[in-house]
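Two complexes are shown next, each including chain A; its partner changes from chain B in the first to chain C in the second.
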Partner chain A sequence: MKNSKQTPYAVEMLQVVKRFSQVLAVDHADLQVKQGEVHAVIGENGAGKSTLMRLLYGFYTADSGTIRINGETVKMTDPGVAIAHGIGMVHQEFMLVPRLNALDNIILGQEPRKGLRVDRQKAREEITRLAGELGFQVDLQAEVRDLPVGVQQKIELLKVLYRGASILILDEPTAVLTPQEVDELFQMLRNLQKQGKTIILITHKLDEVMAIADRVTVMRRGKTVKTVPKDSTTSGELASLMVGRNVILDIKPPPVKPGERVLTVRNLSLQEPGSARVLVDGVSFEVREGEILGIAGVSGNGQSELAELLTGLTRPTSGEILIRGQEVTFGSVRRKRESGIAHIPEDRRNTGLVMALSVEDNLTIGHQDKPELSGKVLLKREAIGERSDRLIKMFDIRPPRRDVAAWHLSGGNQQKVIVARELDHDPQVLVANQPTRGLDVAAMEYVYHHLLEARNQGKAIVLISMELDEILTLSDRILVMYNGRIVGEFARKNADIEQIGLLMLQGREAG
Partner chain B sequence: MSLGNVFNLTLLHQTIVQATPLLLTALGGVFSERSGTANIALEGIIMMGAFFGYAGTYYTGNPWFGIICAMAAGVVVSLIHAVVTATYKVDHIVSGIALNILCQGLTGYLLVVLFQSQGSAREFVAQLPTISIPFLKAIPVVGPVLDAVFSQGPLVYLAFILVIVSRFILDKTVFGLRFTSVGEAPQVADSLGVQVAPIQYAGVLISGLLAGAAGAQLTIGTMPRFVYLMSGGRGYIALAAVILGKWQPTGVMWSSLLFGFFFSLADNLQGTGFAIPNEIFLMLPFILTIIVVSGVIGHSEGPAHAGKPYVKEL
Partner chain C sequence: MKITSGLGSALIAVCIGIGISLILALLTGASPILTLQALWVGSFGSPDSLAVTINNAVPLILTGMAVLVAFRTGLFNIGGEGQMYMGALGAVLVGLYVDLPPILEVPLLIAAGALFGALLAGAAGLLRAYTGAHEVISTIMMNYIAQYFVNYMVTKGPLNKGSYSAQTHPINPSARLPVLWNNPVSPVTISVIIALASVLFIHWFLTRTKQGFVLTTVGLNPRMATYAGTNIKGYWIFGMMLAGAFAGMAGAVMVGGVFHKLVANFSTGAGFTGIAVALLAKNKPLGLIPAALLFGGLNSANLELQLSAGVPKDVVLIIQAVVILSVAVQAVISERLEKRQAAGIDRVGSQ
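Now for the complex of A and B:
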């Protein structure tokens, strides 16, 4: 704390806590940022980086803890307070009004006035000067929705600088940029640093940290784990700190000899409609009977899209999907289900269940055309009821009642409903996307148990998870996905956490 | 009969008379929608404005006081809409429908209680004066013609002056810029320290004020008594005028005049035995609105966030 006596920290967050209903998003986090430095805050998705920054920017108010700006304790109640203290934030999703022009977007909330009017002439001169200092030009009359993302980001930066910010927060600024644009951005950030600005950079890309940061704070599960100067650390150390290793459950799957090839994926690609971005890039793999294939990766690297392609929710741009040699690439969801693909979707509440419907109805959806459950016109309610009771008992769904609406169930029991429904298809392939997200340990163990049992029965399972622990615990083989591509493959016995971590975070092993 | 009997100065005069309540309401609609709130309660607010414009004048004998009563009634109803939508984030259409039913019931009830009548108030009240523009009459030849067209009540002049005022507010002032940003992207405005809810309140209250005035125009501006349900769908028609006018004050003026013209035309053709049934003319503006909304000609795109409650994301 000697430092704070002489030059105070630009930003000091001490023991900050933020809870969203049941989730502790930020858990007694500490962050100290020196004036004039580029400070990277890194961590996996959901580690609490963005929430921590939104607390600093006053978008949320902390439940407890202290925030000091240049040594002064500030109560961050709304962004206006943060702006007044010289803090500016470039959000991950741009905060621009698409149908206003660049000029109006930049001055909004801080408009220069001449009488009743907005003094747009004065604003234009001021902004042109600011842009000139950073070495670029922007067409201020253009509607923002017509501008490419790289330019939109410049507008965001100008917006922050126009407000006279001396502390800049950038939330994953490179996520939407091309490599050239990233270089340009970093050049701008260096210029800003020379002007004496303090920059907080949120990212999960280690390359970027190594390229530009002076110091690094690592977050994991809402906590700030460690702050280190960049020069005294390595990518490898940072990767280990980020992904960590928390053995929650000691599960050792019995060895199973994989059988025949069930699912084959060849060169599967998906291009974002109307853009050049490739979300899934030439992915090939196969899964055999009695095998769990884990797909590791930081969220947003194409895993969700891959799951959608496999289950028929999205159609690929190119490539093939085969079930036991039968092509189903462009099959509808229904066709894919009929050919034996079941799906535990990542979003339990929106994709997995109809929250307002009863447990019974949720267990029945997708099975409603089976002759034992439905006649030509009417559902066979009695048979459906018996089946529901059987599944509720078998999967220990609590409360053991088929007439309660899904939203009355706990997260774990909701997940049991989905698992029961999907496994009752007797699928050949089960695509499980984040099957334990937000579950407590008991429910997690339960899901693991069912996944392993399905595997032992000879089903082929594709397990997608952001939790590396989960992947390492359950998978027989592990693929790592980065930027839509498969960048590494490991057999269970060769899986090395540091190697996998580096692949997840920077797409290659060498630091 | 000759069409000359129909296309005359009276038609022009009537067009403006018919257009005025639509224009006042539609301008209100522009403010409400541009700041992100769909306000179909405008229909009910016109009813309230008409009733309280009448009642205020009846009890005081002063139609100017009637205007104030009408506007106050409009503000009160719209305040409910604002509280329910901006503070409690209820679906805008649900709130609007509820308020329309409330206004319908309330005016019917008050009509019985205060004026002992079921369908229309029997007694006539004082009317707002007609204002002539003095120098028009002096112009040779066209003078008397213009004078006949432009001798209108104060609310008519107000409506057209407000077109210019609204345009200035929305395009040139700080308030207007913040207004538009809240209607387009409230989360952006919020992130820049612009208080979203007060802007939404302002938009809805302005729409209530103006629709209340539109109601007064129906009773003390056009005919001196109150008839139950006399708003006759003008609130909804005004919203169509907002769409056709592309959410711009000037556009809304032209669309209101267009609607007013066809309605007057239909009125004048009634019972003349003209070959085309007058209902066709009543229908035309709506067909035009549908064509514009569907983007076939002159694509019209509303504020991106209008009609959706703004709930801060977690």
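Now for the complex of A and C:
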């Protein structure tokens, strides 16, 4: 294949911008992919990788910027345009019809015809040839729903190749695969590369990048931070680039001497019901009075499940949870709350609030049994109103009215309602899961302020966040979670961003 | 947005319903003015028709309540009909076999009806909470079970009075609901007070009590309620039982106030009409009263429409159907408007 200096880039995206209402998902990003290379696009969850690829595939149209395919400027208005230019995408969630067989899934929409009939024989020959070139076999008669995930992915790949794609986008292709299947996939990708295909691989796993990519583009917060050849970088450098360090807020928590042990977790595990997957794997830690324990990790590594186990929304498979020495492992949410656990949930709209109810009602939920707010049957509406006004004032909830429905509030003020309600339980332990997700800086600062104040009052806080900056800013100690396990622990003063980054992204420190 | 909320939108729905029916009347050659007049006279315009309307409306308020309470718990109770049959069975058992002074026996009869209805609906709640069986399916099926079980009891079963008619013996005179207005066509009993008291009770329960508050959160967002420490399964069962109690009371007032015995297939579908009534009432307890009066009035106007306007009585069904459709369409429209509005406020309101 020719690779002279004149050869244009296979894909060139210049100063591409995509905004979703408030969020700048892709911020003047540049991506240049050479023909015939495996180009990894890496970044944390929400860094903008998938959006950038969807812009390239025509799922979304860019607000501004230029996209060139093999040197030709293309207006990507829909996937049809992308396909016509030889781009194919294997999505994270497969787009297959479970009840059709593999062959029909591959040719669906592109059936070769003989008169009025579908020429399946021709299709079968063509696909068998394609599969052979890649070095694998697929039972084309099998119904897709009966096939393992790894094989379904091969079918997706064949589907793309059958449509004549020369530029392949794979969106986190290894997320659903076993290690053996990953090896097979990479072998297939190498074979494709030999045939001259260009491959763009989206991932947040550094091992994979080091194993297969030629060049790497790192994205962070919608921007393309850097593009480097793999051979001239290290996983350590990539990790630092990915997680970055953006000092959003200059907060220096005053030193507090941690007091007694409040929360003890021993060997806590959760197995996914009906499968062998272990979501939380033998987690142990403790949190003391006046301490914020930060749990860092890329999303989907068991942190959400851990929060649900601690707060009683899910029952663990094994292990122990103790509050001040008292066992509450298998307790219900109510039991856990009664023993002093409060919870700021990650999903504000669906878990944290009843959007249709007023601010007052939302502040009251969970407190309604307190003797000062109700008798056996009747609510003490007056006391409830006074309490609401007090909390609205204390937490500066705007508009300062208790009768507006929660959905009329901005995200930041919704979060204030939740924080106010949970802290008003005067908890021993506060589990804060992604407490600032989607908030602007002012609201974020507000939440930080309240978390630190709670800490200074001697509460034990478990802070789960995908934002490493947040963890580093607030935590007294930091645990790193990877694949359901705790893979590292750092005291605040020893926290090393590169080490933490590596642990988050590949589960171990050395590259 | 005022148009799409509350009373205003319900009135619009009713006007659309009547308007379309007038057009239909016109197309069949009848006079729209006579039709309107017949509608009025047949429903509210004379003492007799007013009495019929009220007696139609009472069970509809109660079966509407059975839908409303379940809905407020986040569940769809389609089983009002079956719960009403069970309630009638409970009531007739008291009426036949208990002999107490009316001051005790009448409340006992109503309570038995409520209990039987609650037990049937509670079974659907239990199934939902512990097996995941959807309450729409189970309540629909239980309608058949209850209706045929009651029919069996009064035809071949032990409650049959022993002749060839499919009914029980009359209940004890002391079990009859006291009459408030002795209209010759349709005497109005204290069932009116029971229905109105039920409305006030649920209004109070939902707005003033702790349990009503928690039930509301469960209905609006079960996930959030769980997160806050509520036993939502318990509330599902409780909500269904409370709902079923009202449908059961509907059956009890039919036995104690209208038939004074239990007759096979006695229902004219009040259990199902209750769904429409609750819909028109926008699931607000106080809204049940005008909604039930409307449906009760339309049903009572049947005869008058045929006799004096020459309009087939099916026009009433058309009005009801169009009213329900209008309400449903408005619900969709107002939901969209609210979403758009909420989105707009989100944009403006963020600091």
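Annotations
Here, the second predicted complex is superposed on the first by the 501 of 511 C-alpha atoms of A that agree within 3 Å, B and C clash if a C-alpha of one lies under 4 Å from a C-alpha of the other, contacts with A are read in each partner's own complex, and residues count from 1 in each chain.
By definition in this document, contacts are C-beta pairs under 8 Å (C-beta built on N, C-alpha and C of every residue); 3 or more make two chains touch, one makes a residue touch a chain.
As the structure is a computational prediction, the values presented were derived from the model and not from experiment.
Looking at the shared chain after the overlay, A:A442 reaches chain C, while chain B stays out of its contact range. Contact with neither chain B nor chain C is seen for A:D476 once the two complexes are overlaid on the shared chain.
Using the contact criterion defined above for the overlaid structures, shared-chain residue A:F20 touches chain B, although it does not reach chain C.
Of the two partner chains, chain B is the only one touched by A:L108; chain C is not.
Look at A:S374: by the touch rule set out above, it reaches chain C but stays clear of chain B. Which of chain B and chain C touches more residues of chain A: that partner is C.
Chain A residues in contact with chain B (one complex) as well as with chain C (other complex) do not exist.
Every residue of chain B that touches chain A in the complex is listed here, in rising order: 172-174, 177-178, 180-181, 184-185, 187-194, 304, 314. Across the interface of their complex, chain A is touched by residues 208-211, 213-214, 216-217, 220-221, 223-231, 342, 345-347, 349-351 of chain C.
Contact residues of chain A toward chain C in the complex are 21-22, 311, 313, 332-334, 337, 343, 345, 350-357, 361, 364-366, 368-369, 374-379, 381, 398, 407-413, 440, 442-443. Every residue of chain A that touches chain B in the complex is listed here, in rising order: 20, 59, 78-80, 83, 89, 91, 95-100, 104-105, 107-111, 113, 116-118, 159.
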